[in-house]
């Protein structure tokens, strides 16, 4: 009997956690639809006009999805051998955070807007669609991103320090009357400017401030080339290193084309 | 007689659908001028000052062009063997949509502004000028774009999901009083920010909101490198594969390495 | 005597049009300073506060420079054999346009602001500094730009057409009440958005308008990769073609390193 | 005794200026924390709400850090053989500028905001973390940046000249009523536009002005590809030269082609 329970558990695990069987795929598709609908419901509900008209219907829809997600959450815990492994995993925490606010909203009125946390569930879309596989006909893409991650982090760190210094300088130059009321706000402005976003909610008014702002803008326009250069060169490098590693059995020459049948150095036949 | 009609139809087909004969080229040039004028007329008419002064003249001009386009539409149907093939083609639908509103405007007053749909006709410019051929001295360009299409689509999909999540978070942080009145609006703001457009019609006011906004901006500034890296490396890759044009004297296979001494397909010696 | 006049003319030509002699270089430096001062004067004069205080002094300075530029203009005409060649050249027209407004301002009061056209003179800076030479330690840079010029022009043309169509669509969706008062204005907005500039002077207010705007922004964010990819790959290609073309006298193998003394294929000595 | 003093001085030099010993590393970490806290204090103090509540506590914290920094400054002078070498170095000046304002604020009330100059100290973070080493697993990155520095400087200079000319043209077209009150301000606007920042504090209102603005935007959107292309191609080039690490067994020369059978320097056979 214990054996049978295990079998049932294994089956459940297969359906919920894997996507190789027919049932697993159906489960994934239903989950995908449920996630997208729940995000849609939450988005629509936040629009005042729609909330007034269709609020009740949306609320019922949300409750149905919340119960479904709760069921999924319980089944995920049941189907795994070490439930704590799921509960404290990245997706486990997201699943919990996106399900609980609806229940809380019964008891605490103010917490209803937290239902919006359900949008975090969208991250699971990446897992379900296994987008990485879709990109990775050449796995090089992911490799290049990983290889350049450190460099880009240093670059963004450099940008941040630059923004703190430049923001502080602008705070001294422009002052509170022109909207640069505090250093954090000035740093925020510097980031808005350097990244070429440019809201315009804060903008320099003094001639000297506009001069510094111009320097920041041209700087931001110029150094955007750095992350681009890093990734471009990394991707070019990665693919260069992905030549065929097959060696000729006669002369040992490698670097053959993928479709080579004969060694291009000594003419011997290559094993396929 | 039926034969003669077919001949006449073939001639018409040649003029309208092809551009190899002198008449075909003349037709294309006239069509190009007509399209550009009609777009210009529509643009000018939408400007209030010009509409008041030259409205009557523009209206006449539009009617002339509408009749010409109607004629072209009819001729295109006549000249082709399977009219449905044209009517339901991409350009067939555009031609219809850009011609009909002028007629509708006689009967329904409100529909006049739909005449602006004529701008869609500009797409035909690409076909007439055969711009692809102009680019494609190296067809690699188009190849690289096609090869990176999937990756860029995944990237943009990732950006969209990111914007939905970040927009929702900002909706919770900032709230309606600061302009983030609904989740769709907040998502719109997140897109405006991440793509570094930055209108400033909605902008964060709380310190925490500005912090998140800064993260989004730096993120947007950093990940713009991804599509650029994809296309750059794809284009570099494509051209690298087109170096050696040497063909094997035995089997005719080409695409050998520059330093190949033997054909990698049949093992024959290559002439240097 | 005629011979002597020619000699004097040749000397003048050398000083003004060339930069190989000491006098020619001195002339260039003085001209550079004069151009920069004149631009500075014009810029300062346009600032109201400075105009009130130092207007008279700036006016005198401008007159001195105007007379110097007039002299230069006359000398350039005298020193060349075919004056019309200079007068109707690009720089000839700029020199004329940047000198004449000051004289006109005596007779016509309104024309004084045209003095600002003097800024066009800054273009001559490129010629004097021969910046191209500075870049062109590798002439590849200029080559790559020229090679990608056509492709980038097509790309920008494509962007323009896209903006006209999208602008027209937004005009229909948003309408005059939301700032999209005419098609040209909507097209202007589409350009502001697609290029990720985003002033915010015009911004969509309807939900559907914001949806289309989001699409435009993500599009603009994605296709900026195209010109970058074109130039990057072009520059990489150009340098790839600059390998050593020296062939081994023994085995005929080429593609040697620039500093190779022996063939890397058969070991024979290479002729340097 | 003099010898002993030198020994003590050497020890101090090791701790303060180097990071190889345990004490040196501890010193660096403490300095890092002190710098980050001092910047945090200054940032918080500039926020009005926080200043009101915690102003006194922050002031005490700042005084403690100021005294620590003063001590560090004195020790740095003591520990070095030629104090002037430190005092007038880049970091020496920054250390001085970031320490002195707090003392000045006792005597001169207006100077307190200059304490914000402490943010300049953040530059030392780069030195302490030796970020360059972190990036430079491939030193190519720094090499590529240095190699492209000149080209990018020329590019930015070109952008600046372009902005001056276009700004002047816009000043003539739009005039003071539309916000283009002076040429420097118009140039500032041109920079804001070309770099795709787009605050919207100044924006063209006339049809012709919007046309020119559109051209500037499309230009800015297109030529951002230039610095990116420069760096990308430079980085690709640099790494291409670093492929083969095989050294000749005879002369020790490295940098051979991957398929080299003989040393290209001395003609000896290479071991495969």
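All chains are identified by letter, namely A, B, C and D, in their written order; residue positions are counted from 1 within each chain.
As a working rule, contacts are C-beta pairs under 8 Å (C-beta built on N, C-alpha and C of every residue); 3 or more make two chains touch, one makes a residue touch a chain.
Please read all numbers here as calculations on a predicted model, not as lab measurements.
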- request: Could you work out which pair in B-C, A-C or B-D copies the interface of A-B, where over half of the contact pairs coincide by residue number?
  value: B-C
- request: For the pairs A-D and A-C, output the one whose chains share more C-beta pairs in contact.
  value: A-D
- prompt: Copies chain C, chain D: same or different interface, half of numbers shared as the threshold?
  reply: different
- prompt: Per the centroid of Cα atoms for each chain, what is the distance between chain A and chain C, given in Å?
  reply: 40
Query: So, what's the distance in Å between the C-alpha centres of chain D and chain A?
result: 29
- request: Would you pick out the residues of chain B that each touch at least 2 other chains?
  value: 47, 184, 187, 196-200, 207, 220, 224, 228, 230, 232, 236, 259
- line: In the complex, chain B touches chain A at residues 150-151, 154, 157-158, 161, 164-165, 167-169, 171-172, 181-184, 187, 193, 196-200, 203, 207, 210-211, 213-214, 217-218, 220-222, 224-226, 228-230, 232-233, 236-237, 255-257, 259-269
Field: Residues on chain C engaged by chain A in the complex (per definition of touch)
entry: 47, 196-200, 207, 228, 232, 236
Message: Quick check: in the complex, which residue numbers of chain D touch chain A?
response: 39, 42-43, 46-48, 113-114, 116-117, 119-120, 122-123, 125-126, 131, 134-135, 141, 144-145, 152, 155-156, 159-160, 184-185, 187-188, 191-192, 194-201, 220, 224, 227-228, 230-232, 234-236, 239, 258-259, 272
